[in-house]
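Notes for the one structure printed next.
The chains carry the letters A, B, C and D, assigned in the order they are written, with residues numbered from 1 in each.
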Amino acid sequence: MDRRSFIRLTAISGTGAALASCGTPENELIRFVPDEDIVPGQAVFKPSVCPLCSAGCGLTVRLMDADADVMRNGKSGVVRILAAKKLEGNAAYPVNAGALCARGQAAIQTTYHPDRITQPLKRSGQRGDGRYAAMSWDDAIGEVVKQLDALETAGKQKALAFFSRSNRGHRSALIAHFLARFGAPASISYDIFGDEVLRRANAISFGREQQPTFDLPNARHVISFGADFLGTWNSPVSQGHGYGLMRQGRSGVRGTLAQVEARMSQTGANADEWVPAKPGSEGVIALGLAHLLMMEKLRTAAAAGRAGAAIDGWSAGLPDYAPERVESLSGVSTARLTRLAHALAERTPSVAIVGGAPLAHTNGLVTALAVNALNALLGSVEKPGGLFFTPQINLAAASKAPAATPSPSESLDKAAAAAQVVLIDGANPLFTAAPEWKLREALQQVPFIASFSTFLDETTAMADVILPDHTFLESFAEALPESGSLTAVVGAAPAAMKPLHDTRATPDVLIEISQKLARPLNLPWMTFEEMLTATFMALPAMTEGSDAWTDAQEKGGWWGTLPARLVTQAAATPAATKPIAYAEPGFDGDATQYPLHFLPYSSSAFLDGSLAHLPWLQEMPDPITSAMWSSWVEINTATAAKLGIADGDVVEIASSHGTLRAPAVVSPGIAPDVVAMPAGQGHRTFTRYASGRGANPIEVLAPARVEGTDALAWAATRVKVTRVSGADGSLILFAGGSREEVRGRG
Amino acid sequence: MSQPAHARINVDLLRPLLRTSWRFYFLVAALGSIVLTALVSWLSQAFFGFGVTGIRWPVYWGFYVTNFVFWIGISHAGTLISAILRLVDAGWRRPVTRCAEVITVFALMIGAMFPIIHLGRPWLAFWLFPYPSERLIWPNFRSPLVWDFFAINTYLTGSVLFLVLPMIPDFAVVRDKATGVRKTIYTYLACGWRGTPRQWHRLETAMQIMAIGIVPVAVSVHTIVSFDFSMAPVPMWQSTIFGPYFVVGAIFSGIAGLLIAMAVLRKVLHLQDYLHPVHFQNLGKLLLVMALLWGYFVFNERLVTYYGNGPSEMAVFWRTQRESFAPLYWTMVICNFVLPLVLMGIRYFRTITGCVIASLGVVVGMWLERFLIIVPSLGHKYLPYSYGIYRPQPVEIIIAIATFAAMMLLYVLFAKLVPIISIWELKAGRASASLAEAVGEGGDARPVARGEANL
Amino acid sequence: MKAVYGLYEDGQAAQQAVNRLRAAGVNDRDITVMSSQPMEDVEFGHMGGKTWMWWIACGGGLLGMATAFGLAWLTETSWPINVGGLPTFAWWPNLIIIFELTMLGAILATVVTLVVSARLGRSSTIYDPAVSDGLILVGVEETSDARVRELQDALGAVRGEIKVVA
Amino acid sequence: MPKWGMAVDLDRCDGCGACVTACHAENNISTVGADQAARGRAKHWIRVERYWEGEFPDVRLKFRPVMCQHCDNAPCEPVCPTYASHHTPDGLNAQVYNRCIGTRYCANACPYNVRFFDFFNPSWDKPLHLQLNPDVSLREVGVMEKCTFCVQRIKATTIQAKSEDRPVKDGEIQPACAQACPSRALVFGDLSDPESEVSRLSRSPRGSKLLEDVGTKPSVTYLSKQ
């Protein structure tokens, strides 16, 4: 008995409580024979691909031995397994070049999360109250097959709605094959902060429906319209890597960055010049710059080619975007516009980036087209230091399977309303859908919902049957990075470790379902690995003497120049039928009753809320406010003073569609007429770390759409802010002070 | 200043020892329960983890270290006053010295507990002790905490002996007066004291040496306690003035503590015949002097910081002067400077109650002063990102209150076991006083005590 | 062996008794005087004789200093650990430890000398509780029976009682 | 004997916080939960400080990653009574967890506030404990912990190099934060080798030390933006 337990006993004996020892004492623990040969203390490195965002960075997983609690034939015991310990960037992978963002580091916590769904579940309570009972895999798959057969017999294949995470990569190709052969519409991949608007604009301007990639290391000057490309937008690690080289990569040359946005994002914080602009006016600024470039004969209108033609009045030098008009519309002074224009012209190669909030206004498409035209005018398209499109592999061509293109699906709300059966794979639309879409009510009516999610989030809580998926470390991890690398990349890697629980990989489950249907869909592959192997067989080997697939298992994917037949050709979408002119952004809610613009933004820890369940990310201090475990509203210093709001006070945000309460952070880095709030918190049910914490800004958004697309215009809502009470302790800041110099001297 | 007759001294001073009323048991029970709650709360802190306190990043020291410095401060007046008064052979010291030395010993014991209480892993506190261990590692003698360890232990040994030695003749008196079990105990305690000139001479010489030795040790202890702060590069900590500043603060709070203790004893034990207003006035004047000295040091430190105008120093400066800690700061200035100056400066107010009010103010003020040295500086160091606000938790508040209860408890028990005024010194004083006055006092026939309310 | 002693009201009476004993041929070492407080103002108060306590205290101090220096030097050089760039045997900080133990040595030496030289803890043949009431006792501890009578006369103070102890 | 040091290029750092989470993953730093974080007990061995400059509209935000500076003249080392915090021959400020008795004096003496205290026994909800790195010792309640420049990686690579009888190559040892940093702002290496990348950066005209006037002689050099 050492000194410490002596003190422990005196404390307890004082109160007379017997000290109950918790857990089974060490000597009675059963130690099972490990089923893999592990050298204790020896680290093993295996490749993998990060699943958390669309960037698809390559990982190197460090594995070592660990004792896992296991139930074997009725007795609980411990078995030594090879467990993943740390995720590191894959040094050879072109997208992230060995680096990894904060979210990527925390991806390992999805595998070891205490609230993971460990076996198939069947709903045992009312839909939505989250009470489930265990069931076997055969029953679960049988249930889904039964429901799909019922649809088949009733001839209502169109009534199957499939909510998936992303529409790229082998997984979504398999889903597309499944739905096409079943006769159902294509899967709906609704991602609030996804960039459909930019893809549509790139299709119109450059014929490539794809996110752009920026050659930042060679750029001399970058102007970014609202794109938080160092934080959460597009491919942050690759862009961060490029940014580092842009600044200090070349001796004697230091790239510069100008950021045009209403609220200072993490990228804006690094800008040499931060240009606050009225929300939705980024497009007119881009056109103003183009006007100046053409007027001062720094660039010729014709240089813009097809992208320029998409803008009304382009060939005439954009006469009606004179700096004075641009100043009145955007609030940016003419002197500053001329300075920005000259910077773009003189510090070549220069490039313009657009993304995030500017594309989330009703005029988002015009803004994107304007910036594309500006890029074309600057001659930065497909030029060093400019804008590129990563060559995409054509999976159908590679795997020689017949192309399967299911009929296009409607938007989220219409599809949910019409659905008889809903399958959910890794998406949480209930959390990110606009309230007016009434998605929860629609799903309440759907006869049968099945989910493949590994966590019980808002949408999966509505499911009747849950068939839990492996996490990315326990199954084939794959990704087709749409951007972030100048050469083509196909990320794929086998399972890094054995599954911890009784879960199965969703692609294999889908294949098994397709085989068990009354009318089997006989997909071209028997297992998901077969599908991957088929693709890699078509690719040239990266090292002599071995084929692409064995290389991929060791290096984590394939990268290099694609053979011509495998490259997805630029879609021959016709140039816009009618050139588009700049339109004022429309805002929901009248200006008098709701004076402030509301700007929800993708938070650097949780993106759209899909990562709120990871404790490391909840406790990571936010780069701008240093807040942990909380959500907050950023208000301009002057506006806060006018409304009598002090730092930390609880405020109420009211729009014409909903209200929410959150603590206020008074910040100098936001326009006076804008109120910003990070998305990600405010989950109703999402494991112990995220449930019932903070507020979700999406609950007050208007269901406005971006003209020309059906993407949600999430920045087009006006709100009213009123102070509710003093600080209630829900805002947890890691930092004490936010300024370096001592204020004033008596 | 008339001294009661010889025999009456024995009766008056031994009365608390020989007769105990129910009030004593009630008081001991009350104070004991407070101390017990503090013990249980400390054990719960050791058991559940240090998080039950209010300590946080970056303010890693709070109430516990404030109490530590405060109680080590209170302990200084006792020895310093009795030692100096003994050296200069001030006649009026006789009834005061033991009260003072007792405060020193008990305050030291309470203060010395706090380095253990504020440890994250108290069950390893013995690593501070330089003992040869098979791990071949010794404490780091270059650390101010190890200096604290040596200094406080030396000072504790010194002041305990300084207290105990003059008690031996008093034990002899009690041995002669007491009966039964008490007699056997005190016979053992008096360890054969007979009062031969040889013994008296040795005792007096020993007390002289101890008096000379204890003064530098007392000064060194609080300088070392101030080194705990001035050795660390923290804004408004790293200043050379901290040594004397803390020693002055210590004596200041010590005198205040002594005045309060003497006033309470005089009231409860009916020692009006021994603790005359002149004692309070002399100590009151000393309190006034120390208040001025303390004010001087505070002004000195503040001016140098203000004039130097370093950014991080000024951040702490304004926090205490104007912003979050300003109310505490100005209460401290009023309690430590304005109140003593007014009450002690004006003769009309310098009565016993005046002294007690001023002393209570000074005790509160000095506790606040230690708090305002530690917490604002730690919360606002060089990097503003890492500023922090400290909020004490119940555990710390209970233990802080319990320290005062513990002091009173120990004092009450001591007054029950040992005559609170040194009998033989009083008699020695009376003998020399009567020689000075031509006519012998004789037993002035003042009634022994007004009413039987004794403890 | 017999002990003879007398009790006296005040210093003068006791002093006269002592002088009478001296006159009777008893040398100072055998005369025992007890009082309830140190009698600085009378001659017998100084019969205690010289003491070496001051020098022993200094000796104790030196011993403390040596131990401190040894402790600091041996421990720091036995396992030299670089701490904040300070030298292994850093003089300035160690001076504090050396000072503390010097004072401790001096204090302990004083107390030890006191206990030893004042023969504390040893029982004594004659003691009278009346001493604590302020009376002063003058007597001789061991006398042969023959001399008891003679000493009693010498002690024969006006009011003091004379006692004989076996 | 190597002297480990780091260079932080503030022009490259974009404040993304990848280093913060990478450090948690590598060094078994437990999360303390919302209410303990509210009481200021969150542990981040490396933090990205941010400071506002100016007022709207011409406002700037400055990021600065701060980790233990492993100072040569470290104020936290002489004040530790049990030698738990001391300087190793290869220039690291070592924190011996089992020697620490929790006086917390070192954290008070540190001008950079990079030392964190375990207020409660670090715990991981099962099976999160499977992620714990066996190379890094766990800490008990009442112990001070801080950035160690990933000493387990330094030791592993040094032993590996010795077994292959070759010197450690520059850049071969990467602490978790430097490895994860997207913009390569954090560079780690041997300051005593003049050719190493970190030495080159430390000699850059843009280089300066954090809180140099306190006199701690830190081993980390910050390269300013311009």
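We adopt the following convention: contacts are C-beta pairs under 8 Å (C-beta built on N, C-alpha and C of every residue); 3 or more make two chains touch, one makes a residue touch a chain.
Predicted, not measured: the structure shown is a model, and the values here were computed from it.
Distance from per-chain Cα centroids to the pooled protein Cα centroid is smallest for D.
Using mean Cα coordinates as chain centres, the one most removed from chain B is A.
For the pair chain A and chain D, the distance between mean C-alpha positions equals 30 Å. If you average the Cα atoms of chain B and of chain C, the two centres end up 30 Å apart. Centre to centre, using the average C-alpha position, chain C and chain D are separated by 63 Å. The distance from the centre of chain A to the centre of chain C, with each centre set as the mean of the Cα atoms, comes to 89 Å.
Contact of a single residue of chain C with at least two other chains is seen at positions 81, 83, 86, 93.
Residues of chain B in contact with two or more other chains: 121-122, 124, 137, 139-140, 142, 146, 384-386, 388-389. Each of the following residues of chain A touches two or more other chains: 626, 735, 738-740.
Taken pair by pair, the chains that touch are A-B, A-D, B-C, B-D, C-D. Of all residues in chain C, those touching chain B in their complex are 11, 32-41, 44-49, 51, 53-54, 57, 71-72, 75-76, 78-79, 81, 83, 86, 90, 93-94, 96-97, 99-101, 103-104, 106-108, 110-111, 113-114, 117-124, 127, 129, 131-134.
Residue ranges of chain B in contact with chain D, taken from their complex: 48-51, 54-61, 115, 118-122, 124-125, 127-128, 137, 139-140, 142-146, 149, 228, 231-234, 378, 381-386, 388-389. Looking at the complex, you find that chain D touches chain B at residues 36, 39-43, 47, 49-51, 66, 75, 78-83, 99-105, 107-109, 111-113, 116-121, 140-144, 211, 214-216. Within the complex, the chain D residues that touch chain A are 9, 11-12, 14-18, 20-22, 24-26, 31-34, 37-38, 42, 44, 47-57, 59-63, 125-134, 176, 179-185, 223. Chain B makes touch with chain C in their complex at residues 6-7, 10, 130, 136-142, 146-147, 150-151, 153-154, 157-158, 161, 165, 168-169, 172-173, 176-177, 191-206, 209-210, 213-214, 216-217, 220, 224, 227, 423-425, 427-428, 431-432, 435.
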